[in-house]
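As written, the chain order gives the labels A, B and C, with residue 1 at the start of each chain.
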Amino acid sequence: MAESLFYLLIFPGITFQLVCGWFFEWFDRKLQARFQRRVGPRWFQPLADLLKLFSKEDLLPSGANEFAAAALPLISLGAVLTAGVYVPIAGFSPASFEGDLIVIIFLLSVPTLAYYLAGIISAGIYSVLGGGRSLLQFFSYEVPLLIALSGPAVMAGTWSIREISSIQAEMGPFVLFQPIGFILAVVGLIGKLKRSPLDIPKAKSEVVAGSLTEFGGVKLAIWNTVMNIQAVVGIFLLVNLYSSWSGIVAPVLAVPVFFLESVLMIFVLSAASAVFARLRIDQLAGLGWKVLVPLALLQLLVVILMGV
Amino acid sequence: MDKMNIPIGPQHPLLKEPLRLNIEISGERVLGGILRLGYVHRGIEKLAQTRNYNQNVSLTERVCGICSHVHTTTFCRAVEALLGLELPERVHYIRALMCEMERIHSHLLWLGILAKHIGLEMVFMHTWHDRESILDVMEEMSGGRVAHAVNQIGGVRFDLDEDHGPMVDSTVKKLKVDYEELLDVIEHDTTLKARTQGVAPLSTDDMKRYCVVGPVARASGVDVDMRRDDPMPPYDKLDFQVITHPDGDAWSRTYVRLQEIRQSLHLCKQIIDDIPEGPISVRAPRKVPAGEVVMRSEAPRGELFYYLRSDGSDYPARLKIRTPTLPALGILPEQLSEIHIADIPVVLAGIDLCIACADR
Amino acid sequence: MQWLKKRMRLLLALVEALTGEAETVSYPKTELELPKGYRGAIQLDEEKCIGCGLCVMDCPAHGLELEKESKSVYKLTYYPARCAYCGQCERACHRQAITHTNQLPGSTTDPESIIVILKDQKEQEDSDE
């Protein structure tokens, strides 16, 4: 009992996820700043921002559904934190079971749907636009992402993340066999996290802040936390699926290598957001269905043929 | 799909200046837009009638925050034309130097804003960093970053000393390198091109019909530039090209402005090399003889037009300012139809609106 | 390949920026250098001023006021809260009595408190001449 509480609350549960989320956010912001030749924030900035939001007044426009507006961020937070418990950290996974990959993919979609609903219920014109856009974007990136993520699963012959990650000790990191799949997964992750260049649902110059335009105070703080933890889970997931070295390197090095890879992933995400301009929603749909899906299918075909 | 109206402005992350656009959309398509202006109307034309000519130099400087120098230049030239003053050559060169530096920093600012609107935050920061070096030179020479206070009636207020020449020279050299790099980046950036090419193109005839001036008109193939067509003194001796582009879409506007930066850098270099020695001002009488005059010059955004009527006192009887943004606002409703919502920032940025100028 | 090369352009700029120094400074901690001709609050050389009022006439923002009783009795007041730091007065004064300092008055909610009486010329001093 005490053990599961520890797993749930400390590691790899809430506390660990939060700390990682803050660190990743800070690192991302610092990197962005350095790309732009700025100094960048100090290490406690994400925490300070969170505290600031907590101390702010919480307003919603009249006509918004107060209950739903409070429930949606909490539901998303619950979903991403649950997902976080199932992702192995450097091979350590107390709650693993066969099929948890599917559960995680499902749980990571919850915030997107909540985001869409948040746009609809918060009675703002930009929120509605942003919500609609987030759904459109969801359909564009989710399918290639799913196909890409099933690549490692098919290759390993199991749907448990821990198994997939440990089997790479024998077969070698999957990123070597499925580079296209990995790139597609990164693109899908960017879309899922609504990061630039796929920040179409919250493009500032177009729809102000998208679904979250009308949110403020504690609710916005929770939303931001959700986004952070979603990033953490997504990055850990990709590292596990595509480049798990925990069985290959010496056990002492497993943890540093794991985190190094995660940090590298943030670097890749940051660089992508600095280098590409935001796409238009029709361009994204075109990219998603005409380029990403065929590529993902091709990759899957290759994986299946390799297995035969 | 249902039609919806979305308000853009007067406060919106897209706009740096207050302007209201009521945009009718259906899904992601924009059907049309209604424009409302006047949020920063300060009554400068009327105010000018209650101030004497010297005071008005400072007043016209405050019409615009980006092209402040060209406003005072045009005003001073108008008054000087009424007074019949012969100015020393050096004055013209200093004025032109500031004008060109202003054009460079204005275009760089614009480029940064375009990049920011389409999500290229890094390009935005890097262009503004380049722009900062020009602003530093201007500040070092004149003492002000935005309000340079270069002009006075009958001359300029500061002289270039021995440090300034080399400073401009080295900055121009450094900027040229930075600029070529930037050009390389922008010309080859596929996502930027994907967002700007073919967005809301307007034909040459449309431009002429709406009397649009400046880079926006030149990007549609209208060959108009006040520096060549109605040159103020040093420009007739300097060598530069008027850049035009036939397409008229957002990308050609980008192209024209980028090439203009190169021309302006070239001009700065020439001015610094050729600048003659001499006095920097002549005494101007306070009272201006009765008469009227029209003065035009090329601001960063196009032709700037000043009409000045004097009744012989030391206050102007009428001062009319037509800024280049004013006709450009005319094409806005036409541009804002049959595009995507995501194209609105590109269109707005492409025109490079200066609302403070237009509202005066 | 060509595509990659072009794409690398921005990546290269990114790496350059990452390896270079930051261009911004953390302001209050680092001193900023003011340019030579910086126009801050104005100061008056009392010796030179003769109370002609040219500066007041040319000030576009009513930043200066002159109360004049006679040729030798006058009071020149400066209102920093109204001043636009435009430099007109410096130029208008034929005796070069006004110059800009590189200081700005601190911000305040009470504009009255920062008014400076530049010169208060009284009768007695005049009799010394």
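By our rule, contacts are C-beta pairs under 8 Å (C-beta built on N, C-alpha and C of every residue); 3 or more make two chains touch, one makes a residue touch a chain.
Since the model is a prediction, treat every value here as computed from it, not as a measurement.
Undergrad: Testing understanding: with touching defined as stated, what is the shape of the graph linking the protein chains, line, ring, star, complete or other?
TA: Complete.
Undergrad: When A-C is set beside B-C, which has more C-beta pairs in contact?
TA: B-C
Undergrad: Cα centroid separation between subunit A and subunit B, in whole Å?
TA: 44
Undergrad: On a C-alpha centroid basis, what's the spacing between subunit A and subunit C, in Å?
TA: 52
Undergrad: Just the number, please: Cα centre separation of subunit B and subunit C in whole Å.
TA: Here subunit B and subunit C have centroids separated by 26 Å.
Undergrad: Can you list the subunit C residues in contact with two or more other chains?
TA: Expected reply: 7, 10, 14, 17, 23.
Undergrad: For subunit B, give me the residues that contact two or more of the other chains.
TA: Within subunit B, residues 122, 126, 129, 189 contact more than one other chain.
Undergrad: Note the residues in subunit A that touch 2 or more other chains, in rising order.
TA: Touching at least two other chains: 35-38, 274-275.
Undergrad: Can you tell me which positions in subunit A touch subunit C when the two form their complex?
TA: 31, 33-40, 271, 274-275
Undergrad: Inside the complex, what are the residues of subunit A that reach subunit B?
TA: Interface residues on subunit A, with respect to subunit B: 32, 35-38, 125-126, 128-129, 132-133, 196-197, 199-200, 203-208, 273-283.
Undergrad: Taking the touch rule as given, give the residues of subunit B at its contact with subunit C in the complex, in rising order.
TA: Residue positions touching the partner: 51-52, 54-59, 61-62, 122-123, 126, 129, 132, 139-144, 147, 149, 152, 157-158, 181, 184-185, 188-190.
Undergrad: Can you name the residues of subunit C that touch subunit A in the complex?
TA: So the residues of subunit C in touch with subunit A come to 7, 10-11, 14, 17-18, 20, 22-26.
Undergrad: Can you tell me which positions in subunit C touch subunit B when the two form their complex?
TA: Within the complex, subunit C contacts subunit B at residues 3, 6-7, 9-10, 13-14, 17, 23, 35-39, 57-61, 84-88, 91-92, 100.
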